[in-house]
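Letters A, B and C mark the chains as written, and numbering starts fresh at 1 in each.
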């Protein structure tokens, strides 16, 4: 294994990791701010991938532009769901919420299978499939775009949360919801938007995932596992740490996939997840502030 | 000790009239409780553990709905208003225990405290600076993460946040709980300062002697009901007897 | 069951709500009467009826095990399929390698599942229930992937159990009717005794307020692990019997979230706080699924035939509705109407 191979693997891993960060951010946001365990995260994600597939393959939309309607739709549906069912998602009764979201997982997955069957699909990214070369390394343009968009999104989210008043209000809600209410923040309205963002980001994850891999509806739990790993590794409460966690997972997968038969990736990454949960469940976060 | 009764309207600014309230369906923590908060004065609400003092504050601040009875502010009924809406009418609560945003800076904590002023950036800024002027110690910490403050510093921040929107009524819930004695003195010094500025204060505290000394008027609750009420003078000599009574309840 | 003295039962008892009047004899009587009603089905009725009841008992056994940690303890375990699958594969492999009979493989199947559950539990039960829920959800998928890539266990093609002996379809159906019934009875008896024991109170205390339970001296980790152990052992045993019953298992079928969905539905619809809940729920869910299976092919929406997935979609929606609006299940509705909190 020479330097060139290492560099190529590293590059692949970083690009893949960028996408993985995109997978995890929706789950992380809902868990961190609203204390909601969205078990249906990967089902929504895959539904987003399928809609994206329809837009690009069937309707022939541009693969980059087609992302936006999917994300907006995800946000809209999230706001709608929160508006109708939100009051029942009381954070006190967490078991009810977990069961309800599992039901939603089944619902969304079944709907996806009914509409699109269990076939594996690949998005025809057209002009994005050309290779871009940097010296002796080469990467498909689609992977560069997918990772690039994700990084842009996450940096934007980070800036919003840390530099704006609206973002401060969101963080306030995640740290002390009663005091947030007390100072006059409209907690319901903001929670609604965060929930919408959570689903919208899940849908976004689905689109960038669909750009780079083939997928099928009933295999979505795999992406829930990856998302969860990214969330635990990165710790709740920091967009940038979630991004780093995603990159690490991507690089790990890239190298392990090269050294061992592919199925070992699952064992290694699941094992890493179990180890993290055992030893350091807050991941990169500084202290153990967030114990759910 | 006689039960003194007061006529209903003594120019009270904040009023709780015959309120029933509780946390779970069948349970009644407050039973027909009435409290008048006199403007420009300190009203103390005392009582043994479980008498409903903190619950009364929760009802007044809007965190717990009243099942029966009404809440009035300057003659206007506010029973249905949320905590945020009550803040915009001038009622500010300093809750029990820690109430800061631990991962935000001191400055961000104050900025959020002035959330109601967010549409006027200059007004918000001057409100924040005014609080730093009032509490110069906080100024030095303005970029520090609030979770790293000591107990006394955090309390100061909480006071600043409570005052930043220039409220007309202050609800103070057990300010001395969990603080070392010298910090309790500091807290009461601040309350004296506020009293000197003619603030309207409703104070709930376990520290009976300090509370009575600060207060102008005192209510006591027992088992979720009004028990005694009267001017500070009528209570001052009877403190030991009162405490004896409560310990035996 | 003898309880270790260090589970602080006084506090646990006090903090477990909803257990005001305990009348275990009424419950025992109820259980026996249900059993006597159900037994005759195993004698000379149709194969399909016996098979359907076998399914009821299969899910009942799994559900009673699940309910200990899930319903009483409040920790939702989505890896039911994993444990059943481990039991099934253990039984199948032992049978094919060493020619062990059903009776000889039930215990190893249960033990194998229980051991895996301890590994999982130790890693995740120290944290609160949210992480446990997600982690168990993704575990089933891992099980499928691992087995698919192990040729020793048949890989993606699965394992056939070569069973000898003279069996008619009828005698098979009857034999397994009683096998599953026996397991379901064992599971229900275990659930019944747990519910009325200090162990059960400790579990309820954990689900009500885990921090308070810890403060009161309940060894929460031990209690949770024990509940998981029992539940997964029952699941492994059920899986072992299942392997012999169908005589063919493959990863996609057994490491399938649908099993978790069915078990959870059984407990949610029936009622999670009582041994009676899964009993009622198992009958309701199996009969419901059977009806859906028969009904759906004959319906059409907008002139299109409905695919079988529609049944699953309905079940998902049903779970959402019950979780949000009928949290206490059928047993809960019955209890609240009577106005008292009766524990049978």
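Just so it is clear, a residue touches a chain if its C-beta (ideal position, glycine included) is under 8 Å from a C-beta of that chain, and two chains touch if they have at least 3 such contacts.
Fair warning: this is a prediction, and the values are worked out from it, not measured in the lab.
At the far end from subunit C, in terms of centres built from Cα atoms, lies B.
Two chain pairs, A-C and A-B, are compared here, and A-C has more C-beta pairs in contact (counted per touch definition above).
Of all chains shown, A has the CA centroid lying nearest to the centroid of every protein CA atom. Rounded to whole angstrom, the centroid-to-centroid distance between subunit B and subunit C, based on C-alpha atoms, equals 52 Å. Centre-to-centre separation between subunit A and subunit C, using Cα means, comes to 32 Å.
Separation between the centroids of subunit A and subunit B, computed from CA atoms only, is 44 Å.
The touching residues of subunit B, when paired with subunit A in their complex, are 61, 63, 82-85, 87-88, 93, 95, 99-104, 108, 111-116, 118, 147, 161. Subunit A contributes residues 165, 168-169, 171-172, 175-176, 178-186, 237, 289 to its touches with subunit B in the complex. Touching subunit A in their complex are the following residues of subunit C: 74, 76, 78, 120, 122-124, 126-131, 133-135, 137-142, 145-146, 148-149, 207, 257, 261, 264, 268, 307, 309-310, 312-313, 315-321, 323-325, 327. Against subunit C, the residues of subunit A that register as touching in their complex are 31, 37, 39, 85, 88, 93-96, 98-100, 102-107, 109-111, 113-114, 219, 221-222, 224-225, 228, 232, 261, 263, 266-267, 270, 273-275, 277-278, 281, 291-292.
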